[in-house]
Amino acid sequence: MFETVSKIVAAFLTLSIFSFLYKDNPFYKFAEALLVGVSMGYAIPLVYENVFLPYVYTPIFLSHKFIIIIPAILGSLYMFRFSKNLGWLARYPIVFGMGIVGMGVPMSIHSSVLVQMRSAMLPIDGINTALIFIGTVTILLYFFFSKAHKGIYGKFTNVGVWFMMIGFGASFGYTVMARVSLLIGRIQFLLGDCLGLIK
Amino acid sequence: MKLTYAKTGLLLFLMVFSFLLMPIPSHAASDSSSYIVENLKAEDIPDDDGGGLVLSWKPLPKEKRIIEYRIYRGVNKDTLFYHGKVDVNVKTGVSGDVMYYYDSGYNNFVDLQSPRKLKKEQQQSEDSPLYGSYPRDLKVTGPQLANYQILGVIPEKDFLFKNTKIEVEEEDGSVVYAGLKLRHFSGLYKKLIPGKEYFYTVFAVTESRSYMPYAEPIIGVPIDNSPEKIQNLYSAYVEDQSIMKFEWVRSLFTSDQTNHSLYLLKKSDLTAFNNYIDEQKKAEIDPEFTTTLENPAQLIFQRYCGYPYTPNNTVEVEIVNGKIINDEKHINVEVGAIESYLAVFSLQDRAGYETFSEVSSFDICNSAILPDLSDVWNVADRLNDKGDYNVVQWGKPTVFLTNSTFLNEDKTRILVNYDVYKNTKYDKIKNIFFNVFDMAGNKISTINEFYQDSKLKVNLNEPSQSVKFEMRIVANGSTGEDQIFTQSLVFNDEIKSLQPGKLFLNGKEVNKYSYSVYKNNYSNEEWRLSKKALGSQREIFDNVTYRSYIYKGVSKFDAKKGLFLVSSSFSARLDDELKNPIMTDLYPQEVTKTLDQYKEELANLITMRDTTDSEAEIAGLNANIDAYQSQIDLNENNSILKKAAEFKNKRARIKFLEKVKTIASRSFKYKIVKSDGKAHFSSSDVYRTEKVKKLPFSKAARKSFTTLGIDHFYPMPNWFQADKFPALIATFIFGFMVFFMIKQAKKGKELYIRPIAGIDEIDNAIGRATEMGRPILFVPGLSGISDVATLAGLSILGRVAKKAAEYDTRILVPVRDYIVLPIAQEVVKEAHYEAGRPDSHDKNSVFFITTSQFAFVAGVNGVMIREKTATNFYMGMFWAEALIMTETGNTTGAIQISGTDAVTQIPFFITTCDYTLIGEELYAASAYLAREPLQLGTLKAVDYTKFLIISFVIIGTLLSTVHATFLINAFPEK
Amino acid sequence: MNKKTIKFFDKIQNIDRRYIYIVVALAIIFPLLIPFNSPTYVTKPTEDIYKKIDSFSGDKSKAVLLSFTHDASTMPELFPMEVSVLRHCFERDIKVFTICWIPAAAPLVDYAINTAKEDFDVQSGIDYCNFGYKPYALRLPIMLGMGDDIAKAVETDSQGRKIENLEIMQDIKNYDDMNLVVDFAASGSAIQWITYARAKFGANIAAGVTAVMVADNYPYLQTGQLMGMFRGLKGAAEYEKLVDVFASYKSEDHPHGRPFSKEIIDQTRVAITGDAVPYKYKKARIGMNAQSVAHIMMIFFILIGNIGYFITRKKVGGKHV
Amino acid sequence: MKRQIPLIIIMTLGFMFVAHSFIPHKISADFFDWFQDWVKAISPFAVSLGVISLFMVNGTKISRKVPNWQYSVITLAGLVFTALAGFIWGTQSGTPYMWLFENVQMPMSATMFALLAFYIASAAYKAFRARSAQATVLLLAAIIVMLGQVPLGAMISKWIPETSKWILNVPNLAAKRAIMIGVGLGMTATSLKILLGIERTYLGGGD
């Protein structure tokens, strides 16, 4: 009984969302509004239990690490984000959390630039490595904005465009697969979990 | 109509939520007694230390939809505390007929996460004995300390500095304890006491979280058993060195194991020995049983096994002049012909139980067959770390094949994967040469891996059952001529491919032996295992953590002050022979008090000795007197304790002792054992060095550590991570570029940006809309203002709006983010002013639709269809919803121009729009149009860096293709 | 081209999209209702993850971390991957940790563990451990902290136990031991692991991603920064098969599974109809049947649409391009 | 001042972190531990941002009685109810809170994106046009990759999966690598601008 009702509710809400395909309608609007509310409401107790209690309450009130009061006060300044006059106070917690971007600079240069450069310099030992080399260089040149695409240079950078198009084609193909997979999942739910038709 | 929609919505809402109130009554109605678990049993766990019970019960059927079973435990029937739970998947239930739950070892007693107050378990009958878990309240938990063995784990700093001195009046005078608050413990852990009765019950929790009635509590009594039997003992006798070697397979190591012992047994005594064991077993089961037999085997070796660390499992015993002698353990055994002996190993536990292994006969061999441990090895501080690793490394790098795959159907072309084990000393591998031979022994090919990508492609002339590889590594000046590796790929019928066979180094099998690295510091008696490595590995990293804990038994408490009481004495280190701990105390007075007690005891013993006549008694007393005397000497003459006694300031004294403790526990000496696992092993000496590194300790603190830096290694923290050097340079270059170019742009320096093809298209498209007399749609993306793409989109909006104003064409700008809204309004307004057409500006042309992703798109689609827009612009950040808009635009026949840096959406824009600005082109277009210094400067900085990158890539590729790999190797690999 | 054809194509081009929706729904419903056996070809990126995890078999000083950074919306693709990996670990006695970074993922982790564990004798805190939900804001600090000391960075598990005292943590200290991180996400979140955990501590990173992210991750795959990748539902189907064929393989010679072989996996077909494999372990493969039909349908749509486009465009005379 | 101090904080912290990424020393590790403790204590409050803004947006809608304001009531009621359920009955499995997650939030958020399969199909039919040579190449590559993913592709010809693999491993790799380097530089530039105090949008408006 309990299970059946749970499934009916879930199936009903699923179908409400699907009804958007027909047109925007109150069922969809209802489901969407509910989703927004429930998602946010869901986060509150979870954050309280998993974050607030162990990282704020326990250190201050139980471990007596009173220094943690400072970041806790900093954190509570978030509340002023929407205030007209005191909005500037919210900058402190934001700024504090953002300090870590400093680490992002060398680290992302390291892994998305230098490591990639190394792999782009592999010895050419066949047609494929040659193609990867040409492709990488021409596309990089295509996005080099300090020289006009004219003459032979223009033709050269144009090669990059073709490489990109094939690359985008690959993304395209995979995206189609991703979208279909999600639908498959939902239909597996409706047919399998709710109706028990899939074994 | 709309209102009725909404009413429907509210009704639905109520429907969904009202259901939540149903579960409780729905279950209450059903018969709850059928939910009580049956066959609940608590049985002793065999072969353990007496701290374990196993609970078992029959799980309820799947139809009952149980999500969890909760277990309660106590020392009497009336109060049972929550102890743990077992989760169950509600859909499938439990597959077996019995469910088990192990209550063994130390588990959580109380810590800061425990509840504040003791609570009666809800949803149970009024008189139920069930309570929640132990609370932080000492009034409740304090008395429970007596019911378990309680272990307190205390961070060293808290023990040393956060304690409170507490004097407790006990039977034999007042005793001083260190009192600690719960918060100073990392946790308190409890273990069952052997022989004590414990009560258990279990109940089920259903899917709707109803707690079902509990089963009638049952009793369990944990029993201390003899340790688990060691399965395999191997013994060997090396004739030419007259050394016996023993090795065994370690059993599960538990806290109560104390000694490793080895015995020699005459083959003729085997029956007597077995009788002895049988008798011992009987005695264990039946305490009344009196033993009569003596152990016929002779003890030849014994040592403490060093809990909680993994002990050494090899032993060497030397026979000198036909005898094994160890005065300290009172061993003096005469050994005859080895052939007539068997070896036996035993494990002893605290309760005095002893478990013997199967007997093993000696493999009599010669030292020539023992593994060769002549590889040069060393111990060093690991570089590039925060000072918590030592590295132990040996030998030259090894190369080996890991896998192979056929590349074609004829099976004549194979892809072979190889791997390399290096060490810090040989870390720069220049070349690896592979010579490939076919089955007949003919060389098929020679490959020079000048860039190691871990794979080779080999052409076989014909499908082959076996291919042999000869390999050599050139690294750090070593040509590797003296280290030729051979390995074959052999066809494996089961796996149906060529699989790597055994690896040989100069004809010797490499992985027949493995390395075990053992370590020992100043504060533990025995060597412990650091890490084990394969015969092909060349280094191990030994972790020396910074964190240290003090373990103390807890049995007393002070409820008034909220303190747990632990003994205040602690050991600073062991003496140089690693025998006696150098004990001291948190409180200086206690040190003197203990010393006085020793002296008093000593004086008593001496008077006793002088008054007695019995020879035997005098001998016994003399031994005691010696022990006390040596303790007193140690306390009075030890440099650490002497120095500590000099401190006037209490905190300074503890600080000094802390430093000493740190050195003692973080400095390790190392040795390597290379073994085949069957007692054929070679053991190295302790590694020593002459070059003593400078250590960060005061003279006073390190005074007693005479071997520190020579054979004991203390890991040092480093100030720069050398492998990040390329990143450092790159960060500097790029940082400078950005800073400099933005400065230049701000100064108003003319910076060239090539014309972007899409920009002309923008103008044309606006023209077309004007021709058709229909409005333009501009969507500045769906993300917020902090997104670079949104900013770029807005600056293109400025241009489009200006052109539109010039042509007097209406522009519509739907916005999703309410912070973007006023900014977009401002942009459009300004554009109209700039174009000199403030009159044509309509404030409502920029409007907010909704924040919801799909509803926003539905709104935009509505605008497209209603207004019949002639040209649609999508500039900014888009997600999955993008194609819904462009599809509609496509059906209405509008010209569509898009620009985004969302790589996943670009393909859809390209296929559905007439023109697309790809990725960075969007930024470039916006910088080109807006000429805003910040954007322009960044674009140029990125551009110039990109030029550098292109140059490096081209040069690097050309160089590496002609075997010059220095440039490519200058870049990081991971 | 005669007018009739043009008109016909005009008409079918302007067909109400709801008809298309119905076709889509049917194209997916039928293959799901009527499962059929189709081969699953296993590709290298999936294989590499399998081999890596398998190499930890029975090794108590190695562990795998599964990081969940997705909510229920992308579950259809990612969930079968998670279940298969967990099943693999349980089958081969490999220590496995789980952690999640968004609130909505927390129950998904439990769901995945509960689904996989019931066929095995495994215990939380000994064979596996769920670190539970940690907020996204702490992702970087924890990710980096684990390179040093997992127990300190994570502190407590999902049940609030201090993890440093759990049995599973013996011999597991940092990324040297917890040597493989598999990040399940619908975004490029694996990149963060690469940038920090790998660059700084050399952890092995693998990604379980929705198909959308697949093509973008290839550069990392080639550099080895990603040691392997699950490519959407296909990757999940491949892993399901791998576990079926090797880890869960039972015979007299191999009571606890058998070693990986490229040749065997290529030759073996696992029937997904019938009850030989439980439904939860073949969900992705059944899904792939529907995927096949859907892909054909998509290609068919693209072709028809384009034929119509070229015919009707001729009529308009290429006015708009 | 209201801007300067935050800017100084971020620049100092930022540069300390740049240094931290090159310094493995214990001191540097301790700095990170300190930061970790503080950020952990700050982070739970961030959730209030989401809650407040949701209340503000929906509250305004309700008070102004904009069309469809009733749905805002549903949103807020959903929020309050779910949060309360969590606090009252706990968050373990089997509680109303988890019931809401499993049967309300999970199915709906999963379905939201499942809609896209329909849209992409209709776009395939109506909008994915080989409108230029480049778009044609793109579509062809896409079709091959799509076929390469499913068993049917291999049944048609064994070259389809091979070609699909080649597309991914060669042209796609080159394209994505080049784009990635560009994106990587762009992102780093943004971080750098934040560090150098040039980029300030994250501080929000006002003085």
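The chains carry the letters A, B, C and D, assigned in the order they are written, with residues numbered from 1 in each.
By definition in this document, contacts are C-beta pairs under 8 Å (C-beta built on N, C-alpha and C of every residue); 3 or more make two chains touch, one makes a residue touch a chain.
The structure presented is a predicted model; accordingly, all values stated were derived computationally and were not measured.
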Checklist entry - Among the other chains, which touch subunit C and subunit D together? => result A, B
Item to check | Pair joined by more contacting C-beta pairs (A-B or B-C) | outcome: A-B
Checklist outcome for this item: Distance in whole angstrom between the CA centres of subunit B and subunit D is 28
Checklist outcome for this item: Expressed in whole Å, how far the mean CA point of subunit B lies from that of subunit C is 23
Next on the checklist: Distance between subunit A and subunit C based on Cα centroids, please, to the nearest Å.
Outcome noted: 16
Next on the checklist: Counting only residues that touch at least two other chains, what does the list for subunit D look like?
Outcome noted: 18, 21-22, 29, 35, 39-40, 42-44, 46, 68, 71, 74, 77-78, 81, 93, 99-102, 104-107, 109-110, 112-120, 122, 124, 126-131, 134-135, 138-139, 142-143, 146, 149, 168-169, 172-173, 176-177, 179-183, 185, 188, 192, 202
Checklist entry - If you look at subunit B, which of its residues touch at least two other chains? => result 5-6, 9, 13, 16, 23, 87, 113, 207-208, 386, 724, 727-728, 731, 734-735, 854, 880, 891, 903-904, 907-908, 910-911, 914, 919-920, 946, 949, 972-974
Item to check | Contacts with two or more other chains, residues of subunit A listed in rising order | outcome: 9, 13, 20-21, 29-30, 32-34, 36, 39, 42-43, 46-47, 51, 54, 97, 100, 103-110, 112-113, 115-120, 133, 136-137, 140, 143, 164-165, 167-177, 179-180, 182-183, 185-186
Next on the checklist: Can you tell me, using the touch rule above, whether these chains form a line, ring, star, complete graph or other shape?
Outcome noted: complete
Checklist outcome for this item: Contacts from subunit B onto subunit D in the complex sit at residues 2-3, 5-7, 9-10, 13, 16-17, 20, 23, 67-68, 87, 205-209, 384-387, 546, 717-721, 724, 727-728, 731, 734-735, 738-739, 742, 785-786, 788, 791, 818, 851, 854, 880, 883-884, 886-887, 890-891, 901, 903, 907-908, 910-912, 914, 919-920, 923, 934, 938, 941-942, 945-946, 949
Checklist outcome for this item: The residues of subunit B that touch subunit C in their complex are 87-89, 92, 94-95, 102, 105-106, 108, 111, 113, 153, 186-187, 189, 386, 405-406, 492, 494-497, 541, 543, 545, 547, 891, 893, 895, 903-904, 914, 972-974
Checklist entry - Touching subunit A in the complex: which residues of subunit B? => result 5-6, 8-9, 12-13, 16, 19, 22-23, 26-27, 65, 112-113, 136, 182-183, 207-208, 450-451, 453, 724, 726-728, 730-731, 734-735, 752-756, 852, 854-855, 858, 880, 903-904, 906-908, 910-911, 918-921, 924, 939-940, 943-944, 946-947, 949-950, 952-954, 956-957, 959-961, 963, 965, 967-968, 971-974
Checklist entry - For subunit A, which residues count as touching subunit D in their complex? => result 6-7, 9-11, 13-14, 16-18, 20-21, 29-49, 51-52, 55-56, 59, 68, 70-72, 74-79, 81-82, 87-88, 90-109, 112-113, 116-117, 119-120, 128, 131-137, 139-140, 143, 160-177, 179-180, 182-183, 185-186, 189
Item to check | Touching residues on subunit D, where the partner in the complex is subunit B | outcome: 18, 21-29, 57, 67-71, 73-74, 77-78, 81, 85, 89, 92-96, 99-100, 104, 112-113, 115-116, 119-120, 122-123, 126-131, 134-135, 138-139, 142, 176, 179, 181-183, 185-186, 188-190, 192-193, 196, 198-199, 201-202
